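Order of writing sets the labels: A, B, C, D, E and F. Residues in every chain begin at 1.
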Amino acid sequence: MFYQDDKLQYEVKCGKPDPRFAVLLQQAIGGVEGEIRVAMQYMFQAFGAQGPKKYRDMLMETAAEELGHIEMLAHAVALNLKGAPTKLTDEMAAKDGAVAAALGGMSPRQYLSTGLHALPQDSQGTPFDASHVYASGNIAADMLANVVAESTGRALACRLHHAANCSDMKDMLKYLIARDTMHQNQWLAAWEELGGVKQHPIPDTFPMDEEMREVSYKFLGFKKDGGPPPRGRWSEGESIDGKGEFSSEVWEPRGQTPDLGMAPPAAYAQTSQTEASAKSVAKGVKKAVKNAVTPDPKKKSRASKKKTT
Amino acid sequence: MFYQDDKLQYEVKCGKPDPRFAVLLQQAIGGVEGEIRVAMQYMFQAFGAQGPKKYRDMLMETAAEELGHIEMLAHAVALNLKGAPTKLTDEMAAKDGAVAAALGGMSPRQYLSTGLHALPQDSQGTPFDASHVYASGNIAADMLANVVAESTGRALACRLHHAANCSDMKDMLKYLIARDTMHQNQWLAAWEELGGVKQHPIPDTFPMDEEMREVSYKFLGFKKDGGPPPRGRWSEGESIDGKGEFSSEVWEPRGQTPDLGMAPPAAYAQTSQTEASAKSVAKGVKKAVKNAVTPDPKKKSRASKKKTT
Amino acid sequence: MFYQDDKLQYEVKCGKPDPRFAVLLQQAIGGVEGEIRVAMQYMFQAFGAQGPKKYRDMLMETAAEELGHIEMLAHAVALNLKGAPTKLTDEMAAKDGAVAAALGGMSPRQYLSTGLHALPQDSQGTPFDASHVYASGNIAADMLANVVAESTGRALACRLHHAANCSDMKDMLKYLIARDTMHQNQWLAAWEELGGVKQHPIPDTFPMDEEMREVSYKFLGFKKDGGPPPRGRWSEGESIDGKGEFSSEVWEPRGQTPDLGMAPPAAYAQTSQTEASAKSVAKGVKKAVKNAVTPDPKKKSRASKKKTT
Amino acid sequence: MFYQDDKLQYEVKCGKPDPRFAVLLQQAIGGVEGEIRVAMQYMFQAFGAQGPKKYRDMLMETAAEELGHIEMLAHAVALNLKGAPTKLTDEMAAKDGAVAAALGGMSPRQYLSTGLHALPQDSQGTPFDASHVYASGNIAADMLANVVAESTGRALACRLHHAANCSDMKDMLKYLIARDTMHQNQWLAAWEELGGVKQHPIPDTFPMDEEMREVSYKFLGFKKDGGPPPRGRWSEGESIDGKGEFSSEVWEPRGQTPDLGMAPPAAYAQTSQTEASAKSVAKGVKKAVKNAVTPDPKKKSRASKKKTT
Amino acid sequence: MFYQDDKLQYEVKCGKPDPRFAVLLQQAIGGVEGEIRVAMQYMFQAFGAQGPKKYRDMLMETAAEELGHIEMLAHAVALNLKGAPTKLTDEMAAKDGAVAAALGGMSPRQYLSTGLHALPQDSQGTPFDASHVYASGNIAADMLANVVAESTGRALACRLHHAANCSDMKDMLKYLIARDTMHQNQWLAAWEELGGVKQHPIPDTFPMDEEMREVSYKFLGFKKDGGPPPRGRWSEGESIDGKGEFSSEVWEPRGQTPDLGMAPPAAYAQTSQTEASAKSVAKGVKKAVKNAVTPDPKKKSRASKKKTT
Amino acid sequence: MFYQDDKLQYEVKCGKPDPRFAVLLQQAIGGVEGEIRVAMQYMFQAFGAQGPKKYRDMLMETAAEELGHIEMLAHAVALNLKGAPTKLTDEMAAKDGAVAAALGGMSPRQYLSTGLHALPQDSQGTPFDASHVYASGNIAADMLANVVAESTGRALACRLHHAANCSDMKDMLKYLIARDTMHQNQWLAAWEELGGVKQHPIPDTFPMDEEMREVSYKFLGFKKDGGPPPRGRWSEGESIDGKGEFSSEVWEPRGQTPDLGMAPPAAYAQTSQTEASAKSVAKGVKKAVKNAVTPDPKKKSRASKKKTT
């Protein structure tokens, strides 16, 4: 379970509030590379952890850390919005196309929906969507997914550091960038402890002779002109997982031309697509066409009856 | 199956990079009127094609074409982002409300998430959502859906052509606009070959005497004052599908006043909404109210027991 | 503006409540082929209508009609949920894999979130998403979009009619199917009045000599083996819009091999991707590598300073 | 910031695992009435809290509590999935339509994506979407939003308790239902402390003489037949906020008939909708029509030139 | 059912068109605090209404009113877009980072997708998502949900009023703000009529002695240091619902350390996580490892066979 | 650009059609672990590729391959839906709660929206959402993201293989599982070629002495009781990237207690939260309160004036 206190994990100051930076910071809160995502990802991996117990513990520790990062960044957004413009003025009005963004380039909802605070959304206003929480039930896949999350997260933090025009914001980001360095190393450490590249292909519990071994280590080429596929470490030598030899091949189709035949009557496709043998429908269509010309005066639905009586 | 080569379908240059145009181009990539949508729509229509085989072939050909359009547009975005501003500077800072958009009006994720490249999202940052892929299993509906996709797509391309401030971008769009012209004609050709307006109502396999014929060709009016509905081609003369006569009528309700009665106990509505005859619940409520005043000291849940013992 | 009364547009009864049909009906309420979509689509087309006034009027009339269809279908869902199972029982429990769906095959939220009522979602639980509201500002594109909406809507209603196991539900659907017949004809009538196929390509306001005429009426082939594209009405004869001649061509790439060169330093790509001339970054990287081995004891961030002093 | 330990807030057992209940529990995890929503809602309200400090503290305490509820429910899902069927067998196969749900009625992703664990999604598979996090920057609105979240949350928990077929699950839910009782009271307490109904209308900082007072306490009727609006506490007597007198009125339109005139050329509407005065476009259209008949052989786009030379 | 006429509910003028205000207005149309949401919320609450009939009537009346508000706001957006810039010009081009937003700060789709009209989306381009329609089947929860919707809606309208730079827009908003005042009062009136705070906890049909009474009125503290929870109206005195006494407690975990043991073979976790007793899988893994070294030349899948013969 | 032919990449047969398997296969088409995702991910990584050219080529080749996998799986879905039940029958009706899923456990839209075909959605009906396309502009991050996609993809394929009740489906999956083996190896090969673990932290272009080195290799503990963090490869020894030494530390907050002070008037918070110095608002509020008691008869909005004159 979780606990809290009333301090920030690391100091957050803002000497030069800038509503435009408040937009960009949202990516680190609610973006797919952001802190809500990793906090929830580590939590759900912990909640479903099976096998060696120490991984659950590690996941919960870092989940708690990431929750604190959300808090820091949300505070940074609020500080950057201090004194932000909340009125449209004539100077900005639509003249010669030379107008600026509404509200000084803020995310409009940072004013309209919250009164100058952070939201659980990304820099473009897309709300955080929890389908980005990867918790596959396979610990090696999860550890690598975490390395990726921290790699794209660190790239994001570096870009924010580059964009920032305020040394306080840069200082906060230096802390977060360093934590992403550790987290990349930490999940890589777990992945190596579990076997590293040699535990691939993930999952390692599917019997390899059950897969179609002939194509397990073959780079397939799909060039229009049948030319050779690109060469590299992946086209020759022992495979990275140590369980095969790389080769490459220009692939020729091995499957049939797909043919689904005619549609069944229940599909309500057009007549031209529909099974000829579908007698009852065909009859209905014929009747429908006939009816279109000479409607049957005796056949009435409930509503018609009611009305005419 | 699909193949590729390393050339673009049509030349893409960019003499005057403009990060603001990179925002707008996203609509043509990941917008509901965009190329990812049509590429996937034609593919899924092909995958489910039933009936005459040539339509599947045509769909696959044009799907391959549209995949190449995504590539062209993504390249155009990257070219427009060359040299784009990636730092917030003082000149733009929040002063007198006269600030510009963050990062020169770019989609923030075009820098923060990709390092100056295209994303599968629209001009407002909404990720492409595949529920926009229409493949109904009815070929006539699908052909018309494709005409619409190419009509809104061409309107979009014309608006982009109008907004563009670079002759290279305009040249690329002239190619795409022309292709939309062909594609509108091509899907209309298929729709006409299949029967055109005379195959309506779609689907043509539902027996028309099974529908309530009385209202099949009647324009219904819902004016507050009971006034007559608007007149036009739809209010008199033979119907477009040739199967009826248009007329119009001020509609009067033919249905009952809906009344769902009281809620069942299992709904956990409020007492005031709930079936009186629901004895077990009612009893529970009474007990609850009583308990609220004098909690039963003997009744304890598992946790309480554990704690007090 | 809108008004209401307390009657249903058409009678809705339910002799044989079936929670499974309540699931399917949701598609007609909140699905992409459903009534919320068309009600909102006709409204937003009306709100943005420009040009001849009668179309706005027609759109508003039918929007009001569709709002009444949502009401009918929501009532039908509630009636089908009368007496639905709300408890999991042992008979259904996980034994030999032979278990049924939870809650008798209902959409779980139909019980859990509403206490046995309809929701603005589709048959699979996806909430209605208003990006499906097409209102392009181009009246011809909009009229055709409406024909498509009514065509997929009628296909849906026919499939529901086929699936239904209750004559009351079938009766209600006969009314709705007939209305879809009218609505297809009505939007086709408007489209024909505006010019029909001859007003294509849509929009008709873009000067055609501004597009790349050479490919405006050419079916392009993308076969792997360079074989001829499929023949049909679209490959020869006058184009459907009457403004060109159809032909076809195996397409060869006309564009360059895309080459974006090296990444700028601000992209925070890997070193192997980054511009050699980016001196300041390169220096930083070198320093970083050096620092990795021998951290500079003099350089400290704010936090470190604070701690050690 | 946040901390954690390795115990559950309250005991979670599962004597009768049932994969169908694992589906239903998802609503309490990732549904709009669920625990992820309230945990994040209380957090973001705390992050943006302004004014009296004790509310921030209270919000953070309860956010920590709700994080622990997510953990409990995720554990309950995993326990209910123990031994769940993961194979399709012949007994269930499509025969006479009498087949069951795939995988014994589980959410398919509970097996396919996680290997039998919980996901941050609702009972219908919709991923949690953070736009449901209400943090308006107005404390009274937020406190009431929390009362609502806990009311729908308690209704959900009661329905789950009703559906459950396992006393252990019922025991866990009794704890959660009791907490929802407290949380409703707690947010109501804060709302009352802040002024209760007398602080309405929210926000209380907008000068009331700036709004159109004439309609501030008037129930408006929109009956088709102009009949009187429904009477109740809202139609007479002092208003709830104590700042006016209730009355009611049949509303007549006070606005104009909306008329947007013709579309500008840049809209790329159809010609029939477009401003007559738009000479340059009109000329283009005329030229386009002319070109359609006799294409100008001298005008060529870049690509055409390239090809023919 | 619904009816319409061709007038606006209240006059909408626009003396100073401003495309930036057209962006902001979108929040009131398609935002979570906006009019589409309340219109649909009141409709779906009405469609599912059970119990006293007057509430259904009231809900339908106000639903009709809100539909008219959508129309007013969509008209206001179109008026604000009159004459908006639709071209990118050099003055705005990417120079020294001092560029403005594309298209004068408009929502790009307001031009690209509609030709200068409103869309059913919020101010950040997120399409309206109907999961925000709260209709819980519990009338008290619904009435409070409506108070919240009108409170956040009024806060939004006040912020728009503040931002507006045009007295016509301010006049329209004064009407809408006043209606939100009434609507807050109206739903509060219904809630009070139904019992007000004394009908809490909602739902009032769950027997209170079935919940774990021990924690029903206890504020729980989760401070890291075990310190006391914040004091306030919620920590002592009679509970707001009058059914208990408030107290507070530092919570200690009462649950177990969660332990899901090893993963079953079907989970396709890694070997290190998987049940040792899973013989068949283990055997497969062993074989797989063996095969990795010495592939069995006799074992071939269908495809391989086909090819080599 | 892309090309196609009319054969499947690998043979797809279906000896035992099963609509329940058609549900499960959707996860491999439109799920976050599915083929649409990887096809688009490799495409967008290629479109944005910078640096060594061979990676772009490799990405395009495998993108083409994955497009063919979508086709195969969509065909498999259609084959599994052959003869699927499309009617609700009495045998399945709601009796004793012992009912099955609607339509034999199919995804309802597989019948209702397509007439028995595949959709670009996952096994739970969530449409594919392109925010899952990771293309970060950093090649090392992208290669690892691809390893993860193929790891979760292979876990999914193994689970489908396990669930399948048809040897033809198993045969198709053996091909796909083998391809996932190759793809994991292929992306790992590229990642190793680029530097493997030694190029971490990603991005390697951010100067490491700019991050807060003190915490770059320190595992931080957040235990409630201040106990030591979990030990493992990540807590001692050289860091995986070779640039530091692992250690661990119980973290103490280094940041301040966040305090945002009072809200500005423009936030439209409640009075109790708002800056006392905000004179103009305060005056407004006072006037509002006064007006609430004695409305100023002289102040009227435009509409009121109009009406009374």
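To be clear about the criterion, contacts are C-beta pairs under 8 Å (C-beta built on N, C-alpha and C of every residue); 3 or more make two chains touch, one makes a residue touch a chain.
Bear in mind the structure is a predicted one, so any value in this text is a computation, not a measurement.
Asks: Check every other chain and keep only those touching both chain A and chain D; list them.
Replies: B, C, E, F
Asks: Same or different, please, for the chain A to chain C contact, judged on whether over half of the interface numbers appear on both copies.
Replies: same
Asks: Counting C-beta pairs in contact, does D-E beat C-E or the other way around?
Replies: When C-E is set beside D-E, the one with more contacts is D-E.
Asks: How many angstrom between the C-alpha centroids of chain E and chain B?
Replies: Inter-chain centre distance comes to 19 Å.
Asks: Multi-chain contacts only, two chains or more: what residues does chain F have there?
Replies: Where chain F meets two or more other chains at a single residue, that happens at 1-11, 32-33, 47-48, 57, 61, 64, 68, 71, 75, 78, 86-87, 89, 92, 100-101, 105, 111, 113, 115-116, 121, 124-127, 129, 131, 136-138, 140, 152, 155, 158-159, 162, 174-175, 202-203, 205-206, 208, 210, 212-214, 222-224, 241, 244, 253-255, 258, 260, 263, 266-269, 301, 303.
Asks: When you draw the chains as points and link the ones that touch, which shape shows up: line, ring, star, complete, or other?
Replies: If you draw each chain as a dot and join those that touch, every dot ends up joined to every other.
Asks: Inside the complex, what are the residues of chain F that reach chain B?
Replies: 1-9, 30, 36, 40, 43-44, 47-48, 56-57, 60-61, 63-64, 67-68, 70-71, 74-75, 78, 113-121, 127-131, 133, 135-138
Asks: What part of chain F is in contact with chain C in the complex they form?
Replies: Touch residues, chain F against chain C: 1-5, 47-53, 86-90, 92-94, 96-103, 105, 107-109, 111-113, 115, 121, 124-127, 137-140, 194-195, 199, 202-210, 212-214, 241-244, 254.
Asks: What does chain D use to touch chain B in their complex?
Replies: By the definition above, chain D touches chain B via 10-11, 155, 158-159, 162, 171, 174-175, 224, 266-268, 301-303, 306.
Asks: Going by the contact rule at the top, pick out the chain B residues touching chain C in the complex.
Replies: The touching residues are 3, 5-12, 32-33, 54, 57-58, 61-62, 64-65, 68, 71-72, 75, 78-79, 86-87, 111, 115-116, 126, 129, 131-132, 134, 136-138, 140-141, 144-145, 147-148, 151-152, 154-155, 158, 161, 174-175, 177-182, 184-186, 188-190, 192-193, 197, 200-203, 205-206, 208, 210-224, 229-234, 239-241, 244, 246, 251, 253-258, 260, 263-264, 266-269.
Asks: Considering the complex alone, what residue numbers of chain C touch chain F?
Replies: 16-21, 23-24, 27, 31-33, 83-85, 87, 89, 91-92, 100-101, 104-105, 122-126, 152, 155-156, 159-160, 162-165, 222-225, 253, 255, 258-263, 265, 267-274, 281, 284-285, 287-289, 291-293, 295-296, 299-301, 303-304, 306-307
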